[in-house]
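Quick heads-up: structures coming right below.
Below, chain A partners chain B and then partners chain C, in two separate complexes.
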Partner chain A sequence: MTEGSPWSLLTAVGLLGVFGYAAAAVAALVRARQAGSRWTGAWAAPGREVARLLVRQRNAVVGSDRLLARIGGALLPVAAIMALLVLPLGGHAISDLSVGVVWFNAMEVLAWVAVWMVGWGSNSAWGVVGANRFLAQGLSYELPHMFALVTVAIGAGSLRVSDIAAAQGGHLWFVVMMPAAFVVFLISVMGFSFWGPFDQAVGRDIVGGVAAQLSGIDRLVFLAGRYLMLTVGSAMTVPFFLGGGAGPFLPGWAWLLVKTAAVLGVLVWAGQWWPTIRMERFAEISWVVLLPVTILQALVVSIFVLVGWM
Partner chain B sequence: MGVTRALLWLSIPRPFVVVVPGFTAVRLRVEHELRRRGWVEALTPANADLLVVCGEGGHAFAEMIDLLWEQLPSPRAFVRILSPDAVARQFDEARLALRDLAAVQADAADRGDAGAHSMRMDGMEMSAVDQSDGHAGAPNGGHDMDMGDMDMSMDMPGGIPMADRGADRDGLKLDQLHVPLGPALPDWPTGLIVRLVLQGDLVQAAEAEVAGASGGPSFWLDAEADAIGPSRVRAAAAADSLQRFLSVAGWPSAAATGRWLRDDLLASVPDATLNPRFARWLRRVRRSRVLFWSMNGLGEVGSDAPDGLRGDVSARCWRWIDELASAIDSSAATAQPAPASWGGQRAEHAKVVLSILPTLLAGQELAVARLIVASFDPDLEALQAHTLPGSHD
Partner chain C sequence: MVDAIVFGICAIGSVVAGIAVFRVNSMARATFALLASFILAAVPILLLGLTYLGVLVILMMVMEMMIMLVFMLMYMMNPAGLMPMTMVHNNRMSLIIAVAVFVILVSGALLTPWPRTGRASAVEPTKALGLDIMGPHMLVMVIIGVVLFATMVSVIVLSSARGRYDRFGDDLRTRPPRDPVRGGLGR
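Take a look at the complex of A and B:
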């Protein structure tokens, strides 16, 4: 696999931005439809929100740790872009590491510290509650998430993301071979981008939690980071479970984009159609159901590999 | 300069809405107008550029409004709305004010950079009620402590005293935060204040009280006597409570449709033309396993309470759903007999809720505490209208 040029980096980050914006716009559209508001302008709503945040003062509560909170907020989009580096865009990842899966996992774990720093640094009880909720959420989704990744790596016999995509070419996609891992992976994507049913860290019951005190550019960076995490998570689903760029007629990169859009669409839809799951209940489900299921899934896939079916 | 002007022009205002008890009519019109314009409410003043105050309260409310206003970063605008008919006009004016570059810059220049404003001890910005001695429970009066009056000691971060510590349920010494919920809190019963002692996000103790003077008008009671018809008003009241509850439960898209339904019910849209979307919406809420799984068994109230309050959070939520189902589905419209005194019942429920909240909330998580309060949604206006001598029916 060839290493990418600066242009491919720019293209990839640009595409990430476009997809992230589209996710925000679709969410705004659905919201407007549900509220009976005018929805024709919804495509522009995220852009106008950006305009609003750009001209606003930043907010700082007395005694807040501004540096900590701002580093945390900036870490989120940075982590998303770093995770993007190992995504094979039409066979060429920008940096196709031999341990790409581990790299992706490490970047996703950065979200933990980023969100916690924002919440703690804001010196608000809402922020601290939100930050601690996110840690509890992380503890709940992370182990099943890791077992899902392990299962994928076992199935492909490699930790390199492009190898994983290639291992599904001409065979069954991993979504068929390991459906439980696929579902758990989607859940954890919503988990690390605190999206939809897993948005307790920024929940309405704690008036925005981690984001309660954010204003202006700080809020913009934080929210952008959230959408980028959601997008990069959706994009990674494609090489992991949906055959990467495999598909008829279209070139590989186009299939990657189409499949990413589909996964992102499903996640945005899920965000609108499910209420938030309380942390207590999710922790229970995740430790009692998801974790054993993913371990079993890893076992089954390992047996497939040993027998030679994969 | 041109860029700033363009950005100001492009931005859609995000209002933070504060409701004074007795002005529910204004709140409903404000929410309707926001929905019509597609303006999304801010959850905190920090993210708002428009402070919308529905009504006028006493001294305590004025103080709270000042404090909230201070927390809005520039550019910002303020509207106080006293009559439902003025809502649209005042929103237009506020929008123009927010686009006025010169005024916006003058406001920002006065405030220094980075919008560093004074705040209460732990940044809980939701109430004018002070936090340090809040649990002593001085009703409406004791707001004597402000940032300026505190001993500024150099070893305290930002001159703010550190949180006290107390034993938690496992016998560990943990920080205690005194956090008042309300009265300026989104999706919160108008005029309710619940003072919490929190350790982490666990409620150690709670006290409930009513903000504002008694004897204001009660929107739902007055509306019931209106031409819309009592069953419509009852359904609209149920929709209002349900949309709040759904919002607290973290389902904003369903809550938005609930508001829409409430507005249509109050606008006396004929039954036959009610959007079929509402029936689908109600079915979706009803069948949401995730929603009910997430809150079954919370906030159980025993049989010594009035009928309408018994059961857990889900049971109370179902009562609103049933009420709405009979309103939307016209074939079942006559199924529900009207209670003899709906207003009296609302007042009684509010009274009981105020007395049982402290025991129900103690020991719960913050998320559960909010769900429990939302599942009661006490109508304090009705309570105040009914405690006036001679006004009960």
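Take a look at the complex of A and C:
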């Protein structure tokens, strides 16, 4: 484990915030274009929303479990920041754990806790419905997601994120060697940040679901945490599948940022266009199609490793 | 020194969270108190240098407690789950059992002749620990794992009220199947 300077932690969290804001701005832009309204002011839309939420009163229904709801709301951005610790930025991660992949997985699973706590704690039927929907969604995306991570680790022969990025240097990127794992990983990034087709937990059919009762600063922290989760998931895609900082002309950290922005842009854009998928449908797709596909992908990559192609 | 402080905080925190499980009046709070207790108990594994196992315990505990939460709410609270409840029953016997188990565990920890000279930490601590615990029985344990999994799957298959004849009809030819909830593949 190598320790980074506090400056790199500040930089990483600052960049996470900038990218999260940009994701929210792009989402606002796509929404404005879909609605046919003026989209030139979309870049400031998240800022206006932040200001609006900051001056609003925080409300809570009588009998709501404020302790759980507030812990849950705060846990979402905290989990995103802790997951970011193992991302190698400019050659070294803030804390390059030998089990970085498992760490990332553990932090990302905290979203289950956070979302459920918020949904339950708000003492609203819509919140509980959304919270339980999210658990069903978690059970659907998590196993294929884990097999995708296992495949990456097998391909690199290491659970250390910087080793995984380095293993792709001079070789084909993992996105070429394991395309199914790549696609499943992107799906699960949208899954754990309940984004796009997987936004049933905060769906419009249940008047905002988990976030139905949130207002003021609580809502701000929760929604910011959601964008941060989406951002950190996109950022981790780069060392896992897109060669990390590898690329011509620019330094490593710049390539990491460029690739992260590209992945994040694709996810935000796709998330705004794909219709929501109901969980009973996705559960079957996930268990009957995605899970076997990822296991086969792991087998194929294992054979590649055994015969020395990777 | 830092290790000792972290261990102390986690040990006390774990016990306090464990007590909180039985003091709170909401199943959701009880579950999260239990989860906190488990996570605090996982940190000493990290202190032993078993990074993989420690992080894995945290990961698994979070996932399993979130699933267990749904069942605990279903079985132990009123259907909406929004009324207060109590976790305590059969007080006297629970107290006796708890004290007895505590005494056994503590005496085991204190009386076991632990090795005095610490070995040099292994290069692969997870592997070394697995070999130490399992030794030559590794194959048996792996097979038991598969048997357990097969048992779980068969229990679910046997206990499910609906079988293939309910789905596909008596001649197994009904397409699409008659499911109460349609899946995403139209099978």
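What we mean here is this: the second predicted complex is superposed on the first by the 308 of 310 C-alpha atoms of A that agree within 3 Å, B and C clash if a C-alpha of one lies under 4 Å from a C-alpha of the other, contacts with A are read in each partner's own complex, and residues count from 1 in each chain.
As a working rule, a residue touches a chain if its C-beta (ideal position, glycine included) is under 8 Å from a C-beta of that chain, and two chains touch if they have at least 3 such contacts.
Fair warning: this is a prediction, and the values are worked out from it, not measured in the lab.
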item	value
Partner chain(s) touched by A:172 [first = chain B, second = chain C, both, neither]	neither
First, second, both or neither for A:48, with chain B first and chain C second	first
Which superposed partner A:132 touches (first chain B, second chain C, both, neither)	both
Touching partner for A:123 - first (chain B), second (chain C), both, neither	both
Touched partner set for A:197, first chain B, second chain C, both or neither	first
Chain B versus chain C as contact partner of A:280, first or second or both or neither	both
Which of chain B and chain C A:68 touches, first, second, both or neither	second
Which of chain B and chain C A:36 touches, first, second, both or neither	first
Chain B versus chain C as contact partner of A:58, first or second or both or neither	first
Set intersection of chain A contacts, chain C complex versus chain B complex	63, 123, 125, 132, 277-278, 280-281
Chain B-touching residues of chain A, taken from the complex the two chains share	30-32, 34-39, 41-42, 45, 47-49, 51-52, 54-64, 122-127, 129, 132-133, 197, 199-200, 203-208, 211-216, 219, 272-281
Complex interface listing, chain C residues touching chain A	26, 28-29, 32, 35, 51-52, 55-56, 58-59, 62-63, 66-67, 69-70, 80-82, 181-185, 187
In the complex, chain A residues that touch chain C	63, 65, 67-68, 71, 97-99, 102-103, 105-106, 109-110, 112-113, 116-117, 120-121, 123, 125, 128, 132, 135, 138-139, 142, 159, 277-278, 280-285, 288-289
List of chain B residues in touch with chain A within their complex	4, 6-8, 10-14, 35-38, 40, 43-44, 46-47, 49, 71, 73-75, 108, 111, 114-119, 122-126, 147, 157-160, 177, 179, 185-187, 198, 200-201, 246-254, 256-257, 259-260, 275, 284, 288, 290-291, 293-295, 365-368, 370-371
